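Labels run A, B, C and D following the written order; every chain starts at residue 1.
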Amino acid sequence: MGDNKLDFEQPLIELEEKINELTEFMETKDIDLTDEVDRLKNRADTVREEIFANLEPWQILEIARHPERPTVLEYTQMMCDEFIELHGDRNFSDDKALVGGIGKLGDEAVTIIGHQKGKTTKENIKRNFGMAHPEGYRKALRLMKQAEKFDRPIISLINTPGAYPGIGAEERGQAEAIARNMREMIDLTVPIIIVVIGEGGSGGALGIGVGDKILMLEYSYYSVCSPEACAAILWEDSDQAETAAEALKLTAKDLLELDIIDDIIAEPPGGAHRDYERSAKLLKEEILKEIKQLQQLSQDELLELRYNKFRKMGQIKE
Amino acid sequence: MLKDFFSSKSKYVTVETKKRTKNRDEETNEQKRKKEMPDDLWTKCDECEEIIFNKKLAENLKVCPECDYHFRLTATERISLLVDNEDDFEEYDGDLEAGNPLDFPNYEDKIKKYQEKTDLKEAVLTGVGKVNGYEVSLVALDYRFLMGSMNSVVGEKITRAIERAIELELPLIIVAGGGGGARMYEGMLSLMQMAKTSAALKKLDDAGQLFISIVTDPTFGGISASFASLGDINIGEAGAKVGFAGPRVIKQTINKELPDNFQTSEFLQKNGMIDKVVERKELKDLLGKLLDIHNVRGDDNGGQ
Amino acid sequence: MGDNKLDFEQPLIELEEKINELTEFMETKDIDLTDEVDRLKNRADTVREEIFANLEPWQILEIARHPERPTVLEYTQMMCDEFIELHGDRNFSDDKALVGGIGKLGDEAVTIIGHQKGKTTKENIKRNFGMAHPEGYRKALRLMKQAEKFDRPIISLINTPGAYPGIGAEERGQAEAIARNMREMIDLTVPIIIVVIGEGGSGGALGIGVGDKILMLEYSYYSVCSPEACAAILWEDSDQAETAAEALKLTAKDLLELDIIDDIIAEPPGGAHRDYERSAKLLKEEILKEIKQLQQLSQDELLELRYNKFRKMGQIKE
Amino acid sequence: MLKDFFSSKSKYVTVETKKRTKNRDEETNEQKRKKEMPDDLWTKCDECEEIIFNKKLAENLKVCPECDYHFRLTATERISLLVDNEDDFEEYDGDLEAGNPLDFPNYEDKIKKYQEKTDLKEAVLTGVGKVNGYEVSLVALDYRFLMGSMNSVVGEKITRAIERAIELELPLIIVAGGGGGARMYEGMLSLMQMAKTSAALKKLDDAGQLFISIVTDPTFGGISASFASLGDINIGEAGAKVGFAGPRVIKQTINKELPDNFQTSEFLQKNGMIDKVVERKELKDLLGKLLDIHNVRGDDNGGQ
């Protein structure tokens, strides 16, 4: 885990270190401390449960941003028997911050797109920290239209702090690319499952975020703007980000209550980064379940339900 | 003739002495930075700092006669500028008001304040009127109301205006004047208005109907990244600041100065995003020609 | 006309100069030389007819490339009551070498696209000598899809030495842009009239060259490659371009015989650059005639005829 | 297993000692510049100049074992590489021959010469075969035949292969190996083959069928600017030179040196035009997986 410990995990991490110490001591000194270790393990489980049952929005956001959180290409490799990444927007470039490809999820041929982050600094620079340029959104649209042609369900995995704010991005029409994607996604004739797997950063997320089901991993967030930006604008003080995170209602639980999302996908104890295989399994099962359900619908039903889903979003004074 | 729209008697026009601030990023602090003018008779141009008599400014459609700087228009001024006859303009959904779905601190107070300030219930004005003899579904945002940001009400009113265009088989014209993006006080409910309006535009598109998007100063964030970019024809008012990310955010991110002309209508035309940049005084005439070529439900004479 | 005289026009130009001299002389000196002037004018008509009735392919090519030949935007202004140029590919840029817009041709709303050349060196640099980049072809496609949506006939005016061979053009997919346009144009549900108004340079021309009718102005050419390039490749001697021009069968007359084009549009005596208004009038009449005919067809008939037109192109040993 | 396709007994394989020239622009002078090797046992790598035994080169699918340079394959070699069983490959239209519709000087002689040289009637080989258990309509160009340029016959054969795919509901795979563009000896009749093949591909697309385009060294001009760019999935063989305009023309036009890696498969992937660059030895396996995901008419076991 290196230096990537989260503050609020401190009591848990101390316990885990103690357990490791005792186990090692037991093995090297040949003294039986099984009872003590077991007791500590139980204690750790309890502490973990307590911590993760009562996370503040800001703490959830820290897990969502955890540098060791599984990435899209890690999920595709774990979930699919074969996954072939396909490159390029047929236009300008191949955006490495927004990837996509085709593969088999169980017996189901699917197209998967998503924001790709890196694990190391070097990877993150290559992946532009998961912040896509217009060509990323255009590649995603190309692959989704391809999926439509071949009648493949689309899985869109969101994990971005936001669309990249830069000169080239403005020149090449970041706004246009995101807007067009939303307009086109509403009408694609195949099931579209959206899952926020980490950060759901504003328009950059929504640019691949229109679909039949919107799911969120337990410790992910989805927000109209970053809490830091919100705090800076409202209170001219980005240190108030924790307060903003609270006010913005950006957690999966809040958004389920607000009818923005359809379901929450559980993560392994301690978060997805603690158990990659299990995270991928939980994600895959949920996605397959949703696909199967959506495949029961006729094309007209599918599109009507998808339209109505977004049509009714918003709350107005009665 | 166009000058008349800005006569002081106009129902939809209130020529204000309040000046816009140059930099949209500092817009929320507008109040503080306003330099008070001696009285309500004149306005200092934000661009060239020339003192202009308000009467003259109104006659010139709020374009600086010295430097051609286009002052921002309110939603009512914009409607007045575009429709043939203000009295025929039928407003819809004018009473829709924001709730506070997130219980966001101080949001209700803000709404109340801007309602008083602008005499509008929300940041957008929608309705049906005639433009050069053609009946159209018209939408104009108002930059004064929380920067013209999009919340549930704004998204809903725009969506209904799109649906109205479909139902009545009218062309749609949206003037994205004042675009503060998705309004954060309603969180994800605001963000999703981007998807909602874009989805409705797909239906309009499928119906084969015309949508002309006009971007004016300022159009950014969730406004530009949804309906404002999706016109069959995108028009930019001369000199308008238009973009996705705010210039300050970009400057911070890339740690470099931004190029001249960056994020203007002209910049967007050069980069292929806008069909045509027009001066305000030519806007209505251009719309007339476009409606004429698309020949949609015009009067027989097809003109003003 | 400045320095833009063509060699083979020399006898004609000398006659015209003589006529001008005499006319001027007659006016200033008040001497009646009307008979002499009339005789010279008749002579000039005969000479013109002789020259232009027997042009070599190379000479036709010189007229097609004449720097004062009317450009697309000049034709649109002359032919349409209202013409509004629309810019941009919604993607990367606005290519000034390939323009387009909408207007009314008579009572008919139309979309017109075409390669734009300049008249002066400065204009030609701005217009890249009518050599489009991929964004030009993509803008054209956008405008054609828009035309399809609004059921407007499409008029495509070809006038290019070829698609631009440069680094940016390769980076942004010149080949892809041209190929995609051909594939999409075959299926647009509105009438498409192609007119080669000057140079029809290879793939750069064909990138906006698929339609229901392919017409050529009398003194235009359409070729698989430039005669200069052909000569350089075949005989390693670009001075043999005239021979290549002959061999390539690139004139309107040749291509009508080869069933590549449908009709030839007459130009005013001496070529289009000698009489802009008349050129525009002839072009407009012919286009309107074709549109009217094509509008008689059902959509299915239109698309089937268009497909078959290209399907049967080519000649194979029997 | 793949190695067997290049055994000397193979019907569709003739491993030649003739080396390709590095620069496609000088290709027409190939004959002159050929350095004669002492005998038919070895080949000098064009890239690293290593001497490689032909047997070893064939075993390595004509990829230099030293530097990974991919030698060009003939159409027959390419078919052998891709199909499961050469004897099952059914060739179509193998007898179609070029006329001389323009009476172009010396064209007939050239055709005759290349027919003798290549043992093909024209620059393309088309047919139906099985790839990893999946029946596909297959097309391979041959660079040796007038640079694999497209004339009436090549356009016609490719169009028929596309129509065959539609009729038999097969996926289509075209290997654009050797792309001399539109063949000038047939003038506009050649150029129009670009439109013809692209139009046929639209029909395939409308039918919802799969087209995998594979570009190999060299693919330029009218070949790249038509069918070769229009795959649902575009694959590039590693290191292949691919582009629209020839590098010499570009260099002359812009009067600058061209960047490293310019107009290669890798360059095209970086620029968003190619889905995936593969080594030759991985090509068939990749095709198998793609066909499997698209699940088209496979044997039950779906594998090799």
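Criterion: a contact is a pair of C-beta atoms (placed from the backbone, for glycine too) under 8 Å apart; a residue touches a chain by one contact, two chains touch by 3 or more.
Source: prediction; values computed, not measured.
Colleague: If I rank A-D and A-B by number of C-beta contact pairs, which comes first?
Modeller: A-B
Colleague: Over half of the contact pairs shared by residue number: find the pair among A-B, A-D or B-C that meets that against C-D.
Modeller: Copy of the C-D interface among the listed pairs: A-B.
Colleague: Report the inter-centroid distance (CA atoms only) between subunit A and subunit D in whole Å.
Modeller: 42
Colleague: What whole-number Å value describes the gap between the mean CA coordinates of subunit A and subunit C?
Modeller: Here the centre of subunit C sits 54 Å away from the centre of subunit A.
Colleague: Would you mind pulling out the distance in Å between where the CA atoms of subunit A average out and where those of subunit B do?
Modeller: 35
Colleague: Scan subunit B for residues touching two or more other chains and write them down.
Modeller: Expected reply: 205, 271-273.
Colleague: Where does subunit C touch two or more other chains at once, residue-wise?
Modeller: Only 90-92, 172-173, 176, 180 qualify.
Colleague: Can you list the residues on subunit B that touch subunit A in the complex?
Modeller: So the residues of subunit B in touch with subunit A come to 28, 96-99, 101-102, 104-105, 151-153, 155-156, 159, 182-184, 186-196, 198-203, 205-206, 221-222, 224-230, 243-246, 249-250, 253-254, 256, 258-259, 262-263, 267, 271-273.
Colleague: For subunit A, which residues are in contact with subunit C within the complex?
Modeller: So the residues of subunit A in touch with subunit C come to 90-92, 138, 172-173, 176, 180.
Colleague: Considering the complex alone, what residue numbers of subunit C touch subunit B?
Modeller: Touch residues, subunit C against subunit B: 82, 84-94, 102-104, 109, 135, 139, 146, 149-151.
Colleague: For the complex, give me every residue of subunit B touching subunit C.
Modeller: For subunit B paired with subunit C, touching residues are 205, 208, 210, 232-233, 269-276, 286, 289-290, 292-295.
Colleague: Give every residue of subunit C touching subunit D within the complex, in rising order.
Modeller: 163-167, 169-176, 178-180, 182-184, 186-187, 202-203, 206-207, 209-210, 222-225, 229-230, 233-234, 247-250, 255, 258, 260, 307, 310-311, 313-318
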